[in-house]
Amino acid sequence: MSVDLASEKADVLVEALPYIRRFAGKIVVVKYGGNAMTASVGGPHGDLSTFAEDIVLLHAVGMKVVVVHGGGPQIGELLGRLGMESRFVDGLRVTDAETLDVARMVLVGKVNRDVVSAINVHGPLAVGMSGEDGSFLSASARSPELGFVGDVDDVDPSLICRLLDADLIPVVATIAVDAGGQSYNVNADTAAGAIAAALQAEKLVYLTDVEGIRSDPSDPATLLNTVTVDALDAMVADGSVREGMIPKVASCTNAVRKGVGHAHVLDGRVPHVLLLEFFTHSGIGTMVTQ
Amino acid sequence: MSVDLASEKADVLVEALPYIRRFAGKIVVVKYGGNAMTASVGGPHGDLSTFAEDIVLLHAVGMKVVVVHGGGPQIGELLGRLGMESRFVDGLRVTDAETLDVARMVLVGKVNRDVVSAINVHGPLAVGMSGEDGSFLSASARSPELGFVGDVDDVDPSLICRLLDADLIPVVATIAVDAGGQSYNVNADTAAGAIAAALQAEKLVYLTDVEGIRSDPSDPATLLNTVTVDALDAMVADGSVREGMIPKVASCTNAVRKGVGHAHVLDGRVPHVLLLEFFTHSGIGTMVTQ
Amino acid sequence: MSVDLASEKADVLVEALPYIRRFAGKIVVVKYGGNAMTASVGGPHGDLSTFAEDIVLLHAVGMKVVVVHGGGPQIGELLGRLGMESRFVDGLRVTDAETLDVARMVLVGKVNRDVVSAINVHGPLAVGMSGEDGSFLSASARSPELGFVGDVDDVDPSLICRLLDADLIPVVATIAVDAGGQSYNVNADTAAGAIAAALQAEKLVYLTDVEGIRSDPSDPATLLNTVTVDALDAMVADGSVREGMIPKVASCTNAVRKGVGHAHVLDGRVPHVLLLEFFTHSGIGTMVTQ
Amino acid sequence: MSVDLASEKADVLVEALPYIRRFAGKIVVVKYGGNAMTASVGGPHGDLSTFAEDIVLLHAVGMKVVVVHGGGPQIGELLGRLGMESRFVDGLRVTDAETLDVARMVLVGKVNRDVVSAINVHGPLAVGMSGEDGSFLSASARSPELGFVGDVDDVDPSLICRLLDADLIPVVATIAVDAGGQSYNVNADTAAGAIAAALQAEKLVYLTDVEGIRSDPSDPATLLNTVTVDALDAMVADGSVREGMIPKVASCTNAVRKGVGHAHVLDGRVPHVLLLEFFTHSGIGTMVTQ
Amino acid sequence: MSVDLASEKADVLVEALPYIRRFAGKIVVVKYGGNAMTASVGGPHGDLSTFAEDIVLLHAVGMKVVVVHGGGPQIGELLGRLGMESRFVDGLRVTDAETLDVARMVLVGKVNRDVVSAINVHGPLAVGMSGEDGSFLSASARSPELGFVGDVDDVDPSLICRLLDADLIPVVATIAVDAGGQSYNVNADTAAGAIAAALQAEKLVYLTDVEGIRSDPSDPATLLNTVTVDALDAMVADGSVREGMIPKVASCTNAVRKGVGHAHVLDGRVPHVLLLEFFTHSGIGTMVTQ
Amino acid sequence: MSVDLASEKADVLVEALPYIRRFAGKIVVVKYGGNAMTASVGGPHGDLSTFAEDIVLLHAVGMKVVVVHGGGPQIGELLGRLGMESRFVDGLRVTDAETLDVARMVLVGKVNRDVVSAINVHGPLAVGMSGEDGSFLSASARSPELGFVGDVDDVDPSLICRLLDADLIPVVATIAVDAGGQSYNVNADTAAGAIAAALQAEKLVYLTDVEGIRSDPSDPATLLNTVTVDALDAMVADGSVREGMIPKVASCTNAVRKGVGHAHVLDGRVPHVLLLEFFTHSGIGTMVTQ
């Protein structure tokens, strides 16, 4: 190793080790989007195997990692192959029993399995779950006309905690149940926030396909490094936060207000973005603070 | 309560309580077939909700219950809906990547979920798993021409044990993985036996649609109450055990030889057959002993 | 097993198992009378060996059982053989030092031993105790003229708890002590109630030679299935509860008010009455509730 | 305090403290004779209250003390009052069922209670037991003609250990049981030795009314300070050990050979003889060594 | 042993054992002066080896002993050998960096080692420490002109507790540190009091070369056996307590007010004075009470 | 952060994290030389504060670090100031009682304190010890003519383990004791190896002022990256290893043969050499393997 290289590496290590120490044993909930996966091979979102490697590295240095994933595109694809047409209300897919069955098969039996497998290439670490397991995600119907689209009412963190204590990585498909045993499809962004709050996680991270939150969505130069929950509320109110970013932002402020240390909106297209955010001074993307 | 009824009830209790004591804390692995479920409503196999009730009752009195299920008919049905035709070799479905994807979706995302839900109507007890979770079921390909049809090589019981220790009921879909992360569909009867052996279970139970094992398959009067593993070997050798019963019988003898207390082939059509077998003197069906 | 018999047995088990689960690990204090034992062989109270069998079965399915017994008739008998005449005040035997010695010998050295032995035929489970052991029952004199007849002041539950934690069955003779080391004979019905309260038992049971509590003592048709503590108070006040039933009833209401789950007055003459009361829907005898 | 007195006291303490340290947490079994108690008031054996004080002091400095007692004279007295004549064979009382009942009442219900009470004046420390409790002393009949006179076959130390771990002082009446639940009266000297061996006690102590073991029983000048088990065997063989001393000596050699640290025959008439033996250099009485 | 000697020894033991019991497991902090050691061989303070023996005996009977020592004379000696002259302000040595280095070498590297060695002749019990270890003694400068003379601000008892829990004897040299890592020499009397308070010790003992505290320092007949903290305050105010006794007395009252059971000023010249004070009724020296 | 910088940092982290995981919880013994400290300010060995920072960082990411130090130059300096001349035999200082006193004061009271303080600037982590504490280093005299120069006979690791378990960093001055309580000065290189072996450390590291071990000491190009213990033996035998390197090399081979994972000879002059060696692929200096 050349003296220069040694010095550079030493600098990175001296910078990173205190963060590694600080986050050891802490819980982090990472929301990984369904879009990311479909686009993963050679695409703009980073790929599943790099994501899995980061998750395994975070776990390796003692963090307790929970992955929450969605799977909208994949559900749409199977519905298409089965010739089942969807009706939409306010942009939400009306979910009848048969559609729910398909959604559940895809989320639990396909997307969840793919994430679990990608992680387990590195060792027997990941355990797939849905909110039906031990009924840990409780939900109720959002509105009669939407069918089995649910809102999360409650999270029982004990099963996830048990897996984390066993040094495992829970990977959660966001199907929830009500007291009568009926299943619901719930929004994965919202579920991730509720899970982070129930676990009193140190960090809640959304991996997206943007650089972070901008005070002016149309101006890349207005990327925010840190932003408070109150400031975010104001930005939602004045329309600076829009569309798909809204449930993420709402979950971030919600979770931080309920005790989560920090929430992060990161650019999933940057390789190893999780390591850079957690283990360097400058970080990357937007951090939401109290 | 009349004196006669009181006396009858007291007799059943006096008979049952010592068994309940003996089996408290013991592990039982129950194989529940895919056929049973499709036929369940009003059909000859007893129905899923009665089965779930028995599982919950066994759990209630302190047994540690693991459910293993298949799902052949349900896989066939979805393949049909998707217009995917299967090729068979020696009666086994050739399983290419796409077929495996469908099988995994159905087993993990549909059948497994239905069993979990049926149990969880009684409380947050069941946790669905596949052998990919924590890579607990290792397999390798049976033969190149069959594709992703696997044979179980090894079972790591630690994840299941952890769930049992948490007073939960693991429900296992029999997808397995190899060291490289490739998934395989494995025979559920065989997997149940391997899991029971790895757990050193007290009991391994197959719920079938026959009364038990007969020394002469065509003669109901030859139903065996108990049979030794050596006697079963002889019956396989001389052809008295046939067809679909062969993998069950092989798994029974295998499991008992590896330390499982007893294996049972029971008639799933008798309501509450599990309770009757475990908690009465005379039992029901066939018990395989060392 | 015939289909009908199987179905009947299954019904009893389905009925019983949830109760067995509910009471596992719970404490039950059973008061067993001295009368029951003298009359036991072929007599109307059920016999000691059936009682012991029930106690062992309750223990087998995980209940923590404490037996409290009296022994009035047996004390009288030895006093008679020794030619010691008793003087009575308000129906209570005046107990001088010598009489106390005899009472203690009989209760601790004879009756207690017989109950312990009857249980231990089934295994090394029972441990005899008196309130002098670890001074766990504290008492003071009721009145100077009665001599060493005491009223229970306090119960230290730690020694009993230790034995219960060791999976043993404490059998208690109701001799108590004061701070100076003086022993007293105390009423066994009252002591049983005080012990149940100190242990925060789930159940306190009196085995008697009547069917239960009647709203009209002279009319068997007025047997009460359940009764509240307030209703019982009223019945004592209006004279519907009389004589020997009074200390039992007072102990029941006292114990339930101090946190015991339920108190029961059962007919000890019905074989296996404890099992029927605990493990069937309809129960038997009278249950006292908050 | 004068300088001389201070110096004397300091010398005793410097001498005693290392012994106190050495014996802390060690188990000592003390056999206390029935004779000692009857003669206790103003009599030659020291009295029960001084004995109890020593037991409490040994316990106070961390020793785990087990008291084993006899009660021959007290049994004889009650038999006399009841007009029951005893027949003797080879100096042993023939024990029929009724005699056993009396012996049990006296040992468990009278003598045991008196020792427990004398100790508990100092605090709730002593717990009375007989070998029937948890069936911890197993015996079988010595000979048909002696009736229910038993020989100890086995000691289950777990119940005593549990009480010692709870910082309590077990006081044992030597009634034993066989597998069928039949009780027997067993020799207390022998039982004490068997209990000490089962507990792997540090010390086994017999409190007697002689100064110790003499090589010539008729010559006080031949008192032995220490003696090996082999030398004792020789003394029994040549007749130097006689009569009532024989079961004590046999129990001492037996216990030491089975792992008890030392056995001691002490003069119970010397006040605080236990403290002097344990906590001074020179000791007192006879110590039996490997 | 003669009967008289036996009786005398027994009396001392009966007197001592309850104290031994009472103090077992309790923490005692003993301040041992630097003067004592220089004078120790044949001198008036008792010697180091007798002191060490007492410490080991207290430890042997279960007390948790912490030794705190000074070393003024020894520091002065090395400064002299190195030709370093000290300047004094108000009787306190001005301590520059080089003087602190010498003081630290002597206290930690010489005096502390000698105490540790004297104790460890009896076994591997003593562990030397200074307040720099784990930064357990925090201090700040008393005044700029005194240099590195510090006042104790805080004591973190966790490291000492850990050593006590490991059955070791911490021996403390009173060097303290501030948050910036600067070391200070602190008064050992004061430090002992602060450590005793932080440990919530049962006893704080100062070994001195006087008999105790006198109400009139010039009159030996006015030696106080016990004195309250309020009375001591009054004596300081009216000048009855003088000079070198003042920091000891202030530490005693301070410690007792903060929860230390009792403080003692003892005459270190009396052999085994610690044993006599702790384990006899009359005690010796002066005991300070609430 | 620029994309390039992010990518570089990510690469270092991806490289380092698996090592950090692998070494978490593992014990490393680091020998730090007395030379290093005297030369530390601006000198060629790296300085004490950078060394301390590395130790704290290793500790931060979960390694259990033990520092062993020498102090030859500092001892020589104080002897000089005191006008004490040393006599040398075979290059070893003859150590009489007074010289030992000085050596002990310097090692324990000066050098050890400086290392402890440098670490504790980062938090209350370091605890200074010498082998006299709990007598954990046993030694005997090397030869009569050398006086109190000792060879390590035995290491009792329990005290160090206890401190490591308390998440502390033991800093060891290499004074040892014999059974009689006599202290000895022992070679710090040898002591470090013996301590590493007793702790079954994962790594033993010597920080030196050379780049590592060369197969030809005069040729920098022959620096060895890894070398086996057998190869090192051969190099000692043929003279390729010389002088001051010999005790280090002997300790390395000894320790590795006794179970230490790897031994390392590193260049203490390279800043953060410990981090580079442990957490990068290529390492630095020479690693000694089985």
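Descriptive notes on the structure:
First chain written, first letter: the chains are A, B, C, D, E and F, and each begins at residue 1.
As a working rule, contacts are C-beta pairs under 8 Å (C-beta built on N, C-alpha and C of every residue); 3 or more make two chains touch, one makes a residue touch a chain.
A quick note: this is a predicted structure, and the numbers were derived from the prediction, not measured.
Repeated interface: D-E and one of A-B, C-D or B-C share more than half of their contact pairs by residue number, and that pair is B-C. Averaged C-alpha coordinates give centres for chain D and chain F that are 60 Å from one another.
Per-chain CA centroids place chain A at a distance of 46 Å from chain F. Across the assembly, chain B contributes no residue that touches 2 or more other chains. Viewed as a contact network, the protein chains form a single closed ring in which every chain touches exactly two others. Of all residues in chain A, those touching chain B in their complex are 81-82, 101, 104-110, 112-113, 116-118, 120-121, 123-130, 132-136, 156, 158-159, 162, 166, 168, 175, 177, 180-181, 183. By the touch criterion given at the top, residues 1, 6-10, 12-14, 16-18, 20-21, 24, 53, 57, 60-62, 270-272, 275-276, 279-280, 282, 284 of chain E touch chain D in their complex.
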